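Chain naming follows the written order as A, B, C, D and E, and within any one chain the residues start at number 1.
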Amino acid sequence: MTERPLALLPELLLLAGAVSTLLTGAFLPRERQWVARLVAAGALLAAVLATLPAVGERTTVYAHSYALDAGTTAARLLIPLAGLLVVGIAAGRVAGNRRETEFYVLTLLAVLGAVLLAGASDLLLLAVAYLLSSVPLAGLAGWGRDRRGAEAALKVYLVGALAGVGLLAGAALLTALGGGASDYDRLAAGLAGAPSTAVAVGVVGVLAGLLFKIGAVPGHFWVPDAVQGASIPAGALLTTVPKLGGLLAAYRLFAVAVPADVVDWPLLVAVLAAVTMTLGNFAAFGQADPRRLLAYSTVAQVGYLLMAVAVAGRAERALPALLVYLAGYAVTNLGAFAVLAAEPHDTLDDYRGLARRRPWLAATLVICLLGLVGTPPTAVFAGKLTVFTAAWDGGLAWLVVVAAVNTVASLFYYLRWLVPALSLPSGPRPLRPASPRGPRVVAVATAVAALLGAAGALPLAGLVEQTLQR
Amino acid sequence: MTLPMFLLLASALFSVGLYGALSQQAVVMVMMGLELMINGVVVAAAALWWFLAPQQPDGQVLVLVVIAAMTVEMAMGFAVVTLLFRSSDADMTDMAGELRG
Amino acid sequence: MTVALWALVVLPAVAGGPLLLGGRRADRVAPALALGVAALVAALAVAVAAARPAVDAPMMAGARWGLAVDGTAALVVPAVAVVALLVLGYAAAEIRSGRSRFHGLMLVFLAAVLLTATATTLPVLLLGWEVMGAMSYALIAHHWRRDDAVAAGGTAFLTTRAGDLGLYLAAGAGLAGGTLDLAGLAGLPPGWRDVAAAGVLAAGFGKAAQLPFSFWLSRAMLGPSPVSALLHSAAMVAMGGYLLVRLHPLLVASGWAVDVAAWGGALTALALGAVALAQSDLKQLLAASTSAQLGYVVLGAAVAPAGAVAHLIGHAATKALLFLAAGAWLSALGTRRLSALRGAGRRHPLVGAGFAVGALGLAGVPPLALWATKDEVLAGARERSPALYLVGLAGALLAALYAGRALAVVLRPVPPGVESGYDTERDGTRVVTPGQRGPLVPLAVGAAVLGVLALPPLSQAVADAVGSGPAPPTRIAELVLSGLLAVAGLTVAVAAPARPPAPGWARAWLGLDLAARLLVVRPTLALARGLARFDDRVLDRAVRAVPGAALGAARGLARFDDAGLDRAVGAVPAVTRRAADAVARLDDHGVHALVRRLARAARRLGVLARRPQTGLVHQYYVQVVLMLGAAVLILLLAR
Amino acid sequence: MLSLIVFTPLAVAVLLLCWRGLPARAVSWLWIAVTVVEVVAVLGVWWAYPGEGFAYEVDRPWIPGAGAGYHVGVDGLSLPLLALTTVVFAACAVYSLRRQPRPRQFAALFLALQTTCLGLFVSLDLILFFVFFDLSIVGMYAVIAGWGHGPQARRSALTFFLYTFLGSLALLLGFIGLYVAAAPHTFDMVALTRDPPTRGVAGALVLLAILLGLAIKTPTFPFHTWLPPAHTDAPAAGSAVLAGILLKMGTYGFVRIAMPVLPDAWRRHAWVVVVVGVVSVLYGALVALAQRSFKRMVAYTSVNHMGYVVLAVGAAGLVAGSDAQARAVAVTGAVTQMVSHGLITSALFLLAGVLYDRGGTYRMDAYGGLAGDTPRFAALTAVAAFASLGLPGFSGFIAEFQIFAGSLGSAPVAVAFALPGILVTAALFLWALHRVFLGPARHRLSATADVTAAETAAVLPLLALSLLIGVFPRLLLDVVEPAARAVTELVAR
Amino acid sequence: MVVVAFVVLALVAVASGVAVFTVDSMARATFALALSFVAVGGELLLLDLGYLGVVTVLMMVMEMAVMAVFMVMFMMNPAGLMPMSMLHNRRGALAVSVGVFVVLAAGSVLVPWPTRRGGPPADPTRALGEAIMGSKMLVMMSISAVLFATMVAALVLATARGRYDRADSPERP
């Protein structure tokens, strides 16, 4: 077994960052916790930097329980960056709060959990990573310690616990059926001849956990409630970080561990994708609260993302497509949340006249929401395009049609937010509500990223290309 | 003493726990239900290891992981309940139905 | 010389365009400019007629921008140019309002006519052809404040354009058959050749106001007299006949087309002769007679091209003369009604004399122009079939009768109290200016002598020019016969004091106008309105029904992951029922904005899709477990 | 070079957006300057165009992950439309010298829109094409929603957006289908044209998706219902661009993508296209005949005119028993019709804008005898109307003549049915002129109601160009005919 | 003999499990649950998983103790001794869970389980230890991270006052 502690340098950095952030915070006066923020940001950045040397590796470490490949590399780059953006969004909202430090610590841990989730190539590690990324979520959801926050935490926790049981049961079953080995490589070999009925139950069990992570049907119930109840930065994290980890984990699981000829998981995933996107889009209609609207939109987006998982291993572009879409989605979604954090309102109508008050914010909103629709030339468009292509290539043309129709439907509710934001204020011109700088910076930054996404997708895709070629 | 016997036991525990999780109102009771389900999982994991692949240690480690998970879940559960109780003076899931739609 | 040919077509166009848009500022110079250009054009026309150049330039794939002056054109082009010059001279004296517009239009029209006359390929021909129609619209509607005048212009344009569609067909056939040259049409493969022939016939009949298109000419009489004199006698309608003459080979090649053309012409000569006889309005009478005389041209185009050309030219002079005379009286006495024009000839002797010459010529009295030309056509007809000949003769007799009638009216002594009938159309000036009188003289001369074109030795030359083989030997007997016929009819008409019986169908131009209205215009408008309503209601509604369907689907979806099994059982009928009455409701609501529909439907969908999100954890649990069970089921069934 | 032409307007647009303090006049003049420069630049390209095949090609990888490249270039099909775009936008810029609300944003939006239109016509990569296609929709939505008049501008804009967005997604599906079917996978039009990927049923389905997308954009019956409301509520310049340029995107897609890339599917289903074309011709003409609002009428005539184009391209697909030259003529006519309709209809919509600006309504029976008070306005409108009804001497005639003459050989019956369309068009325009301008004065506008110099300067060039093409068609056909012949051969293979 | 033990323990485990939700006081429910766990621990011992069995028993007993304390602190009815029944959607829950049981039971009986590979190691506990120190090291490291995270999160959620608070300091959003 290859003991290369440095192979997991980014993960270790994250963990160390979490610990040191906590310690730093412990010795800081309440008003000067920004130091802790710096530490956390530094840790995230360090993790990203530590990844760069490892770009292009294709190996597994710790007795095949952890994979180092394109997927993990992308996760190690994307997830900490997303965490960085979340910290940026949070900067304005939680500054000076007496639990500010804890917020950053939990963020770091959630990021770590997501990365492990994405990298795990061992059912046991998957289960542990699942725990590691679930626990901070509940903590963050209830971080505000208000009534709604408590409810949010409760729902995250309960749904997560049930899904966790499913995951554990499934893991046990698959491990045993796979000849007692829990790492994917040997698992695939072992499952080849296993009784498919049992395998089906096991797969669904494991899938239950992952679906909860990524907030896809049927694991989606917590998403809207939690996002609405939790604080906005927490919401941003809940809808971004775990999805990144979970989707990559699902991709790895299906691409490596579960042979499609034992159980027809592509069909299952395709159906789940269709149901998820449809439910998310329809449920987003007529939401008055922008947070819920965004939450449901993330559900719908996961539906599209699952298309790439459904063709894992059957379309050679499935992984690049998934990564491109993930990157675009993360940036765009965080941008939308950043706008929300920069100017939080409880109803869509309160955004009337935003274009007058804060043109840059309005521009960001336009870019991000149209981006979520998939209007070119935004990042999500590049993602959608690649994912649709991959899905069609993988023989799921019907799913692509469903997704296209859904896209049209989604346009409708995004416009419900855009139209008031762009129209002139009805009454007397309202004074600009105070708006923290951090989120605004993040917003504009993400907007730029999202807009240049189609072009910006180039380096990432190129990276994936080369890593795949090695 | 065969695998199906153990699995039947596990199924029974699991189902009873599920019933509890579905039917109980008090959060703590729901947690108990989950505990019971995990309990079933423990039995199943152990039995599967013993009867199918005793040579690989993975099964054992899995049991360990499951127990650890159970503990963690418990701790988090207590924390959440405390929070719920403190913030909105409730210990029932039904009392937390404000976020919906 | 090629330059001359280009100039012939381009000059009036470039001179007319600016005048057209010049507005009131150009009013003063307009007549002089127009006259100058017309004179120049006349000179050029004579020149090219002598030199017969041909030019062409690339236009589009399969067709070149070709102009040429062949024998026929060499005869027609100068005639048209000269008549145009004279008419413009008259117009300079009469037209007072919107001069620059009027003269601009006249010049552009002239250009179009010359283009039509010299075109060698279908696109070019069509170009001039349609511009003529548009100009006639604008000229008829010269007094644009008058709704009836504008409507009349529209009728003229649309009716003639209906015929023009034929040319588009012909062009298509030509291209499909491989050529767009007029000369080549006769050589098309049979199927396409027939299509081309039919199209050409339609176009020719439309422009020449032959049956059943004649009615537009009647309404066109609302235009100023010079317009009637040029467009509706000498130039535009004549071009209808001219086209058929030029495409005589095509008609012959396709066989049946000859008979259609011949009989169409002959019947028009007969029927419109009767119509002319029944008119109580001088211009209407002349218009009807124009159709009738063009009937001879068309007949000739089928059976005796040379005669047709001769008749066309002679008629141009004669009818221009008559229209100008009528116009002179109209502007002087303010009326066109025959009853009121009694003795007009004596009141204005020179106009009266000119009119007399024209009328006698129209009647076919020897030795005036139309006597001989018509006879040459009839000779050709007789060779084809006796029946055709007889019909032609009958038409000639009618011509004599209505010509005589008009003549009798204007020449008899001025009755007392006739002034009471004046000024029905407008306030007359009571004077005919020299400018109006001048052009009558050369036209009268032309009307008198142009018959030589149809008599040896010139007839042979014309025949050679037209290229229709040797002219049929004209028998003296027939000449005498038709002459006697004309004189007899004339005397009868003059002698008969009372106005002849005028049956309603004849007075109303065979009710063609009404027929067109009932059979074409009304149905089209009704159809249009119906379609518009369909467009507003049904299509939008169809679009709106889509959300309805989606609604049904979504209800199904919502039901599917709804909490509790018992409900799921009863879902299906409920879904269908609700979807049904949803669609029904969509229909009941009549016309609404599509988007409001979409919005409402979408919101309903939203409500349905949100129902599972009850906010109660234990219901989430049930749903999760059920859905996971469903997932397992999928995996098990999908194997 | 092309990229410069395409993206200069966008750059200026960004500049305008950022430059808060710029006075309105300066904005207008800057805008006009840019558009005029664009016209000149495109003329330069035209002048240097070799006359055959693609020129100014640029091909760079763009999204390797998606196999999409930045591939642009012009040929005889796109060059005329490119020129048309610049001209129409210049006209809109001049026309908008009349004060608009929020002129800075208005100008910026139009410049951005110009970039999307130019980009669409030069793009030789399906995804690039789609990107511009979609962005044009967004831009036009913003124009209608932001500057539209009338109570339900928002709603019409939303209809337009949803409807055309649906179309664009159908298009995207089709493109993906092509990509997947091609071996090696590519979105490059040239490569796809070189060896057409799909055959059989798959080809039919892909063609269906693409046709749906293009038909909605064109629009043909029965997908045109978004058009009238969008036009009625759009500002004049917006309508001009919408009708003049955006509609062409659909028809351009036919000749650029559908025909060369899916030849045998096209051949097999060309009759459907022909039927749709004929129905659109008659339907559009008749419905327009029944309209009471001037602008709606013009909008429906667009359906009619686009119908001719569809008819022609469809007929070009009926290869059996018709000679290649005729089909080439039909395609040439189709392209000519795009240009001609772009010029004439833009002019008509700008004039409609004048009408609304003066009289406050589009209802024709509210006017009458305007020619007395506003002779120049009447003259311009009359010229535009006659040009639009296909009077020889204007570009419309050249186009329609070629379409009919070229299509008759392969689809005689269809053409016979479609021919009355030009008669109805003539009738409705004459009637409209009569109702609005001629006859006794029923509506007295202020003495200053006649068209201003700016408006004249905007409309006149469009009509002048139409006249120029009508009299000297070679100027246009020299470029179009080789490309049309090429397309015909591609379809026939 | 072993079978008998198994059956007895199984019956105890299930019965006490059922009891958890049928007894009318939360305290008793807790103890029932603990009993069920003990029984399961016994079952593990039958599979000579001594270590794991013991761990299970200890863990659970401890947790139950915590839970008991906990309920005394927070529940509506202190000491949870007075009768109570807090149920909802009983029929649904019963139907679902019975269904699940039938499916699982049928599965566990009917599924053709693969044959056993190799025999049990001489000392399972030792094997477990080696695995933890060896191939599954990363898993264990992660578990430690999990515990850390749990501490932080639980503290954030559960403790009313952060480090900085005196009692009077107001909450800040």
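Going forward, a contact is a pair of C-beta atoms (placed from the backbone, for glycine too) under 8 Å apart; a residue touches a chain by one contact, two chains touch by 3 or more.
Note that this is a predicted model, so its numbers are computed, not measured.
If you take chain A and chain D together, the chains in touch with both are C.
When the C-beta pairs in contact are tallied for C-E and for A-C, the bigger tally goes to A-C. On a Cα centroid basis, the chain most remote from chain B in this structure is C.
Chain centres here are C-alpha means, and the one lying farthest from chain D is E. Distance from each chain's C-alpha mean to the overall C-alpha mean is smallest for D.
Put simply, the C-alpha centre of chain A and that of chain E have 30 angstrom between them. If you average the CA atoms of chain B and of chain E, the two centres end up 6 Å from each other. For the pair chain A and chain B, the distance between mean C-alpha positions equals 26 Å. For the pair chain B and chain C, the distance between C-alpha centroids works out to 92 Å. Taken residue by residue, chain C touches two or more other chains at 598, 610, 613, 615, 617-618, 621-622, 625, 632, whereas all remaining positions touch fewer. Under the contact definition stated at the top, the residues of chain A that touch 2 or more other chains are 124, 128, 131, 135, 138, 142, 145-146, 153-155, 158, 162, 177, 179-180, 197, 201, 224-225, 287, 412.
Across the assembly, chain E contributes 88-89, 92-93, 96, 100, 107, 113-114, 117, 135-136, 139, 143, 146, 150, 153-157 as residues in contact with two or more other chains.
Interchain contacts (touch definition given at top) occur between A-B, A-C, A-D, A-E, B-C, B-E, C-D, C-E.
Against chain A, in their complex, chain E makes its touches with residues 107, 110-114, 117, 134-139, 142-143, 145-146, 148-150, 152-157, 162-165, 169, 171-173.
By the touch criterion stated above, chain A contacts chain C in their complex at residues 154-155, 158-159, 162-163, 166, 196-197, 200-201, 203-204, 207-208, 217-219, 221-222, 224-225, 263-265, 267-268, 271-272, 275, 278-279, 282-287, 409, 412-413. The touching residues of chain D, when paired with chain A in their complex, are 61-68, 127, 130-131, 134-135, 138, 145-146, 154, 158, 161-162, 165-166, 169-170, 172-173, 176-177, 179-180, 185.
Against chain D, in their complex, chain A makes its touches with residues 317, 320-321, 324, 370, 375-377, 381-382, 385-386, 388-389, 392-393, 397, 400-401, 404-405, 407-408, 411-412, 415, 419, 422, 454-455, 457-458, 460-462, 464-465. Chain contact summary for the complex, chain D toward chain C: residues 152, 155-156, 158-159, 162, 222, 225, 229, 283, 286-287, 289-291, 322-323, 325-326, 328-329, 332, 369, 371-372, 375-376, 379, 386, 391-393, 397-398, 401-402, 404-409, 412, 415-416, 419-420, 422-424, 426-427, 430-431, 434, 437-440, 473-474, 477, 481.
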